[in-house]
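In the two complexes that follow, chain A is the common piece, with chain B as its partner first and chain C second.
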Partner chain A sequence: MIERIPILKLGPFLLLSIQVDMHDQLALDLQEDLTEQIVRHKAKGVLIDISALEIVDSFIGRMLSHIAQVSRILDAKVIVVGMQPAVAITLVELGLSLDGIATALNMEKGMRRLEAMVAADESLEESEGGEDTDASTPPGD
Partner chain B sequence: MYSTALVELLRTHERPLLDAWIGAQRAAGMRIDLLNETTILANSAELLRRITVAAAQGLGNLREPHWQPVRALLERFSFDQSRAGLTPAQTATFVFSLKEPLFKLIQNECDDPLAEIWAATRLIDDLGLYSMESYMSGRETVIREQQESMLELSTPVVELWDGILAIPLIGALDSNRTQVVMESLLEKIVQTESDIAIIDITGVPTVDTMVAQHLLKTVTAARLMGAQCIISGIRPQIAATIVHLGVDLGDVITKASLADAFRLALRQQGVRLAAPVRV
Partner chain C sequence: MLIRQQVRKVAEAIRLGLISQTKIVTAASEIARNGLVYGLGGECLIEETLRAGKPAIRLVIRDQGPGIADLDRAMVDGYTSGKGLGLGLSGSRRLVDDFHIDSQPGQGTTVELWKWR
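Up next, the complex of A and B:
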C-alpha cells in the first residue's frame, strides 16, 4: 500500500486529516503510524479532522474509538473534529456513540479545546502527583 | 357484451342527451356555484363526446385502452372537485345523473329496452366508480401534501445567540419527524458553527420510550459533531413519565424551562448579562 494518511506535528500535538475514502487497510496503517508517532514525538494531543469523510461503517467507527483508547494509554488526548451530519447520524444508528472521545465542530475550536484539555492535565500534575481525573468532560452546570 | 343499439343512440342523440343530462344535474342540486358553471357544461359535453367515441369501439371494460380519453377527463374532473371541497356524493352525482336521461332515451327508442338498460347501467356504474376512485386519490394527494408541509413547518431551527441554537418541538414526535428534526438541527449546527443546541420539548404532548430514544439519538449525534445539547421544557408529568419508564437520559443536561437552558448556554459561551447602570 503506497497510500498513507500524512500525520503532521505541530508543537506537542499531532494533526491528521482524513481526506480519502477510508478502506480497511488504510485504517489499520493509520493506527500503526499514529501510535508510533505519538511515542516518537511524545505527543500530548491528537487532532483528527474528518470533515471530508462522507462514508463511515462500523469498522471506521471502531477504528476511531480504538485510536482514542490507544492514545489515552500513551497519555495523549484525542479530539475528532468536523464530523458531517450524515456521518454522525450513521454512527448513532450503528450504536457507536464514541463515548470518551472529545469532539469539536471545526479545526479551530478543536485546537482550542485540545490545548485546554492538555493545560488542565498539566496543571493537575503540577498541583500534586495527579489524581486520575478525566479532564475531557466539560464542567457541569 | 357489445350493444350496437346503445352506441347508435349515443351517436344520434348526443345533443338532446346532453341537454337532459345538464337538466338532471341541476335537478339533483349540483352545487354549480362552487365550480364554474361553464366548466361543468364544457366537461359534460366533452365527457359525453368522448364516451360516444369510445363506445363506438366497443363497450367492453373501462380499463381497455380506447377508454383512456374518458378516464383522463374523469380523473381530472374528480380531482378538481375534491380540491374544490365538494363532497363525494356531489362528485358521484355528476356521473350518475346521466342515468335517468339515458334510460328514458332507451325506453323511447328501443324495441328491447331491458338489454340496453343493462348495458347502459353497467357503463355508468363503471364511470361512477372510476370517478370515485379519482376523487379519493385526489383527497389522498391533498393529505400527503399537507403532511409534508406540516413536517417542514413544524421544525424550525432558530438562532438565539452567536453559537446558540434552539429547536422548539411542537406536536407529537414520530420516527419520521424526529429524522427531519435531527437532520435539520445537525445541518444548522454545521452552518452556524454553533456550540450549543437547545431542544425545547414544551410543545410535545407525550414522551414515551420511543420519543426519549429519538431525543437521545439526536443529542448523541450532535455531541459527535462537537456540539452540546440541552433539553428544556420538560413538564412535571413528563419528568415523572420518563423516570417511571426507566429511561436513562445519561449525562444529557436537562432544564425545566427554555429560559434556564438559555441562561446556562450563555454562561457556557462566556456571555455575561449586566443590569443597566443608573446614573
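Up next, the complex of A and C:
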C-alpha cells in the first residue's frame, strides 16, 4: 500500500503521476503535499499524469479542481494529462466539466503547454510597466 | 475503496465493454461514498445476473443513515445537503441502465444499480 504519491521536481516544474487507485485519504494528502511543495520549490507549474487512473468520480474531480485553484493562487499553472477515453466519457455523463483545469493528451504535449503557459506569464511580467502589454496571443498547441 | 475493485471484477466477468465498466464502477463509487458520508457506512451486494437475457451486474448499496426526506429534490443536479457537488445521485443515474432508490427519513437509504451488456 503506497501511502503517498511521489512528487518529482524538474526545473521550475513539479511532476506527479497517479499510479494507484485513488482513495479519499490519498487525495487529501496529495492536495496538502502538493501545495507545500509548490511553495517550497517556488514551482511555476505542475503536471499531473492520470493515465493510470481507471475512474475519476466526483470526489477526485473535485480534488483536481481544488488543486488547480489553490495552485493558481500560489502562482503555479496546473495541467492534467493522459485521461483515458472511457474516463472522459464517464465524467461528462456524470456532469463534471472540470472547469478551469487545463488538460493535454499526453505528458509530452502537457509539458510543452505548461512551458508555454509559464513563458507567456513571464513575458507578461517583463513587459509590465511598459505601455503596451499584449497578452492576447498565448502560443497554442 | 474496495468496492470499486470488486465491481470492476464482476463487470469484467460479464464482459462489459470498457466504457460501461468505467461507468458502473464510477456510479458505484459515488453511491458508496454517499453511504459512507451521509449514511455512516452500510453494506453492498454485488451480483452477476441476467437482465432480459443479457449478462448483467446488479448492485444494491444500503446504509443505515438518516435517509432522504425529499427524493425528487435529491435527484436534481447540483442539489446537495452536504458539501459535495450534488452530482452523486443524479450523475450515477445517468451512468447506469437501471436505477432505483428507496429512502425514508430515519430508515436509511437503499440504492440499486444495474448495468447490462
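Convention: the second predicted complex is superposed on the first by the 126 of 141 C-alpha atoms of A that agree within 3 Å, B and C clash if a C-alpha of one lies under 4 Å from a C-alpha of the other, contacts with A are read in each partner's own complex, and residues count from 1 in each chain.
Here is the rule we use: a contact is a pair of C-beta atoms (placed from the backbone, for glycine too) under 8 Å apart; a residue touches a chain by one contact, two chains touch by 3 or more.
Model, not experiment: these values are computed from the prediction.
When both complexes are overlaid on chain A, the residue A:Leu14 reaches neither chain B nor chain C. Judged by the touch definition given at the top, the superposed model places A:Ile89 against both chain B and chain C. In the superposition on chain A, A:Ser58 contacts chain C only, with no contact to chain B. Once the two complexes are laid over each other on the shared chain, residue contacts for A:His23 go to chain C alone; chain B is not touched.
In the superposition on chain A, contact of A:Val81 is made with chain B only, not with chain C. With both structures placed on the common chain, the touch criterion links A:Leu98 to chain B but leaves chain C unconnected. Shared-chain residue A:Lys109: touches chain B; no touch with chain C. In the superposition on chain A, chain A positions 84-85, 87, 89, 93 are in contact with chain B in one complex as well as with chain C in the other. Contacts from chain B toward chain A in the complex involve residues 182-183, 186-187, 189-190, 193-195, 217, 220-228, 251, 253, 264, 268.
Remark: chain A residues 80-85, 87-89, 91-93, 97-98, 103-106, 109-110, 137-138, 140-141 touch chain B in the complex. Across the interface of their complex, chain C is touched by residues 21, 23-24, 54-59, 61-62, 84-87, 89-90, 93-96 of chain A. Looking at the complex, you find that chain C touches chain A at residues 1, 4-5, 8, 18-19, 21-23, 25-26, 29-30, 33, 77, 84-85, 87-88, 90-92, 94-95.
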